[in-house]
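Structures follow.
One chain, chain A, links the two complexes that follow: it is found with chain B in the first and with chain C in the second.
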Partner chain A sequence: MSESEPPAGETTAEANAEQSIRDRVWTVASASDIRLIAVVMLVIYAVFLFLGIVGGLDVNGLYSSLERVTFFAAVYALVVLALNLQWGYAGLFNIGIAGFMGIGLYSMHILTVQIGLAYPIGAVGAVLITSLFGAIVALPALRLRADYLAIVTLAFAEIIRSILGSQRFAEFTFAGFDIGFGGATGPSGTLPDPLKFLLYKDPYSLRPEPNWFGEMYFGLFDLFVIDDSTAEGMLYALVLIVFVGLFYFLLVRVGGSPFGRVLKAIREDETVANALGKDTRQFKIKVFALGSALMGLAAILWYTKRGGVNPTNFEPEVTFFIFVALIIGGAGSNTGSVIGGAVFGALLFRGPVFIERIINRQLEAEADPTTIFDAFNGVDPFIVYTTDNLSALRIVLLGVVLVVLIQRRPEGLLGNRKEIASGIDLEDRGGD
Partner chain B sequence: MTTTARTETDDDRDTATEGTTGEPILQVRNLQKRFGGVVAVDGVDFDIEPGTVTGLIGPNGAGKSTTFDLITGVQTADSGQVLFDGTDITERRPEQIANRGLVRTFQIARELSEMTVLENVMLAPPDQQGEAMWRSVLPWFRGRVNDQERTLREVAWETLEFFDIDHLAGEYAGNLSGGQRKLLEMARVFMTDPDMILLDEPLAGVNPTLEERLLDRIHQLQSEGYTFLLVEHDMDIVMNHCDPVIVMHQGQLLTEGTPEAVRKDDRVLEAYLGGEVEQ
Partner chain C sequence: MAEGMHRRSGAWLRESPLTAGFLVIAALFFLDLVRQLATGAVSPDTVATFLWSGIVFGMAIGLAGIGLAMTYSILQFANFAHGDLITAGAFAGWSSTFVIVGFGRIATETLILVGQPARISSDLGISVTTEPLAIVVGFLVSVLFTAALALGLDRVVFRPMRDQSGISLLIASVGVALALRHMIQFIYQPSTPSVVHDPEVPKQSIPVGSGSFTIDAHQITLVVVSLLLMIGVHVLLQYTKLGTAMRAMADNEDLAKITGISTERVVLYTWLIGGGLTGAAGYLLALQQGFLDLTLGWDLLLVIFAGVILGGIGSVYGAIAGGLTIGIVSQLSIVWLPAEFTTVAAFVIMIAVLLVRPNGIFGGVTSV
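On to the complex of A and B.
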């Protein structure tokens, strides 16, 4: 208590109180990692609620915006966690994330929509296929370091994207099944969303009727003036949060163990790891297989809701986004990964689109300018012009954030935290 | 799979030790390595007896570090043979050689900077169950892994105390001073439970107090049965602390013997001064 008091005697009690409140908020927030993540999410929600209220959204609109924000925060957190295992822990510079996500999603589509397996079985199959590809790509990684591995993984991702988008593989027969990647527009048919089956009698009819559970669930949300599609989205967001929890739990265990210790050693100095008797090749293959499997699963969860199985969803910029998110959070920290994914997905990815929408709604574009010259006709047209292009300006914004971050805080928000690679507290000497 | 492989290695090691008492622990036979037109190591032959601290000296470019790299599998020899405990290890990979009980430190301390001192030493022990990912993740097995971790933690703290760096246990290795890094490297190498340790200039850049302490530790460990081979530039240290001494020059073995014999050998002086020495 006494250390936090400012030295000057005349400082007002007000400042004092403010100081201690900030301290206390910080202590509570950082006491537990889960709580820290929760606090970050609450702040993000508060920002969006504020913007939404200022922008004049109705109650349902507000809930809907929160649901969207949660969706993007969660899906980014999932992929960032997977990358953190490969890059943050083992230092394996995988810039082929988009490729692995593509493999996961396309395998899922083929196994479920095209071959007709049930969703969970298809998901398991797709994850296994992705991890197999991960292990194969890891083979050159045994010999290559840093930049060269990066080139191999990038090339791999581009090869995957070209194959998926190629007309040649749009339709073919494999092991007696007529399957295909659908060419440039992707295969037809969206992934079956298991939650829809939970809520509706015949989910893919034109006007689906809710079943008894759906009636109950939607009825509950009606009380809060939330419409059905928002309610459905919220259930999906909840499932995603559960998956973020599972990924997090798994990776904290993987990282906080002798296995994680070897991964860190590979990142720091592989020669040393070898000299101490660790067969680093095995570890690299395992990390690639597991990380890629998680990326594939993340992609499945992402596009089950967003629909659109399409090669353009897996362009290299996706990989770039994930890296930026991990750098924001702090490479090497699982908690940082979740926070980085959430901040990126919510504020940087979703934020500009959201702002664009509410501003346009407000101004309702009396004079919607089409060129930069029209834009200078007055204040409103100028704002509308700028915001119309916000989602395009997103990349610029990203660049600025990245530059500032690298200059001011290169270790990311949580990068310099010690997440010790052991299941026990090493500094606590049990014997004493 | 990993575990079986490790156990086999362990058995090998035990039987080898039992069967070869009195035999040299390390035998280097006609080792050769070229880099392009340069012959770095040119037919080197020597034996190391168990329980000794052998010094390997020679002027810059004599091929000492390359010899180290060839013995520990970091580089592959063009020809020749290395036997450790009677087993041919010439073609083995570095991690296989380390797991047999022959470990090394590096000329420039290679601490794992973004890991704490404790993580550094806890990395080293062989046969860690938790290095199998599934055991680290699955509920019941994780408990077993953590039991082993607790045992190793004890050993780790003792080792850190032995090398007087226990007060730095929670520090990132990158924050250590040059001398402390050398100590950390030694501590880490000992955590692998080796039979023989190759030290590549362990005292370079270490202050006199710390140097004293390190040498003290080396002798203490020698009396416990560990074997050392060390490359060192400081003649006083080599002459006072190593026996026997091996001298290399231009990739070849110049002479080998007790410090006194080596000191009296004119060829050694010649090699160091780079010219003829008048009688």
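On to the complex of A and C.
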């Protein structure tokens, strides 16, 4: 995205020349954006490597921690990009993200594991189902104010979660198929991971044998003292990064298209967009469906690797995590979305768990303090109590981060990079 | 926010066919309930049980909704931290009740943590009849603590954001909700300690038809105290200068300022009164259900929103009526739906109301 100022003096050139210069600026800007993302990731890796070395992890442990960090950074970036399409571009305040992720993942499970479709076909089907639900939920979006839309989408997500977790729909027959949501513990059977089929002869046997490609791949990683499961995770992380790139590319294309310009016009002033003859209702439905579809796809990619199709994975907190990530990065900016997702997923979400594990390796208190009063008996008990409860504290931290950001820097870390609605920068009046 | 109910006119029925359709559906459900009662598909005592639990639940939702409606109408944002204020109030109040009852017998630290990690509620044998003083003190602590907490949060979080949009405030309140709930978890640990000793709670069986249904002293306490507090809010809004100022500010903030109303003072009292009522609701809910839960308030937040929206967002009377309606409807829905879908029924009604009549069934101020 080219929010960066074109160099002075070039703006006075002729229209065609200006066009090509803008293209060039665009290329440079987007290259610098990718460089920015790369730098952020390198800093995150450095932090985790440092912590890992201090914590005494072996080489494979270090690689493994980097692999986990990449995974979380990438999956969060995926969902944050999808939210950016709805909120950043079109200003639709959807806090039912968890519901759409749940619909995507459960549809995927039913289509592949329960009905037996191939993974890619199931994924396409699940994404279509999610987008259909997105379009249905968008109907109230046509007539509701932003805060009402927030409440409706949250209620929708909670309805979905109740239905997915209910005993009533644990098993039922639909169109001749015996399917089910599996109740409170979720349906049994994990999603087939296509990468496993790439690497193993019989991936879901007890001790899977690598096939010829697997032998080669794992052999390569053995040279770097990386064990097979970490190597497999790295391949998956790579696939996720490719998907982040695809999402990013799609959003940039959508943002630059006439469709995207109307979305931004709706965000800025819906009445004006309407007055210009745009049927804003249609645009809202479409962008809601598209964003929801991406959320569903992100959930599929997330839980194909992590397993565990379970209603507790779609609590409303998941939605708020995505919002924190997008606000960190800056709503409206795709690069910001990726960076926000990465910073959130790696540092805020994964970081505390990692630190907890490392400190627990170092500190072995005689008796674990079980109450907060025990914790005040000394420095060590306090640290142990704090680290034992880091999962709670990190969310306190998230809440504080969210409040501070929205108070002091609502435009996000990347500053004011909200994509402008017009094709050219209206602030720049040309000439020196 | 106050006069919402007086504004109605019969015209809206003709203006809005969707609302009429909504009423027809409601009437059909009522007729089906009568049919089921007549044919014996559902027994009168079952319906009476659902109705009573609906009234109890609805009074709690209505009481909890007043604070939410107040902040919505005066400060003009949906406060997502409201649910966790309920939880905070409940925990603070029950900590004090436990300390008073168990002082000298059990270590104070254990009492403050409501018996964590050991379960001591049966040793203490708390109920509204065995320990009335401790319950009253705990209730007051809930009210005061939550009022102070709400005001403190306003000073730190919301006051610096007065000029920002409702959505920014909403996002900030989500941050507050996350931080508050997990701070409570950090102190009390994730658990659901029981607070009352069930055998000590007086119960009365009331015969209905061939069966009967049970009401207990804690349910009656909840209903009576909620009713008194609601009457108090009514008196405050209608007959005091502060109440008039609050209504004026809810209607039109600029106009209120011009007439010399100190809006910051109104905001201060809004948080104090709204917060206090919220803490009261939290304490009574825990008393009635018999245990504390970290997600006590969060789980109810959307149901409270449903009540507030049903009554017309920003209207205090609407919040009470809406909460009562939502409580009764969600409990009665068990006649048709599995019990695990009671909240789903409440949410569906809320979404339907937002679609057909965004100003709520009972009107409400649309100054927002």
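Criterion: the second predicted complex is superposed on the first by the 373 of 432 C-alpha atoms of A that agree within 3 Å, B and C clash if a C-alpha of one lies under 4 Å from a C-alpha of the other, contacts with A are read in each partner's own complex, and residues count from 1 in each chain.
Convention: a contact is a pair of C-beta atoms (placed from the backbone, for glycine too) under 8 Å apart; a residue touches a chain by one contact, two chains touch by 3 or more.
Since we're looking at a predicted model, the values are computed, not measured.
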| item | value |
| --- | --- |
| Touched partner set for A:275, first chain B, second chain C, both or neither | first |
| Contacts of A:173 with chain B and chain C, given as first, second, both or neither | neither |
| Touching partner for A:286 - first (chain B), second (chain C), both, neither | first |
| Partner chain(s) touched by A:205 [first = chain B, second = chain C, both, neither] | neither |
| Chain B versus chain C as contact partner of A:403, first or second or both or neither | second |
| Parts of chain B lying in touch with chain A, wherever the complex brings them together | 2, 72, 74, 93-96, 98-99, 103-104, 106, 110, 112-116, 118-119, 122-124, 126, 128-133, 136-137, 142, 145-146, 149-150, 153-154, 156-157, 169-170, 172, 188-189, 192 |
| Contact set on chain A toward chain B in their complex | 250, 253-254, 257-262, 264-265, 267-269, 271-280, 282-283, 286, 290, 332, 418, 420-424, 426-427, 429-431 |
| Touch list for chain C against partner chain A, complex | 77-78, 109-110, 112-113, 116-117, 157, 160-161, 164, 166-168, 170-172, 174-183, 185-187, 189-190, 302, 305-306, 309, 338, 340-341, 343-344, 347-348, 350-351, 354-355, 358 |
| Interfacial residue positions of chain A with respect to chain C in the complex | 93, 140, 143-148, 150-152, 154-156, 158-159, 162-163, 166-168, 317, 320, 323-324, 327, 370-373, 389, 392-393, 395-396, 398-403, 406-407, 410 |
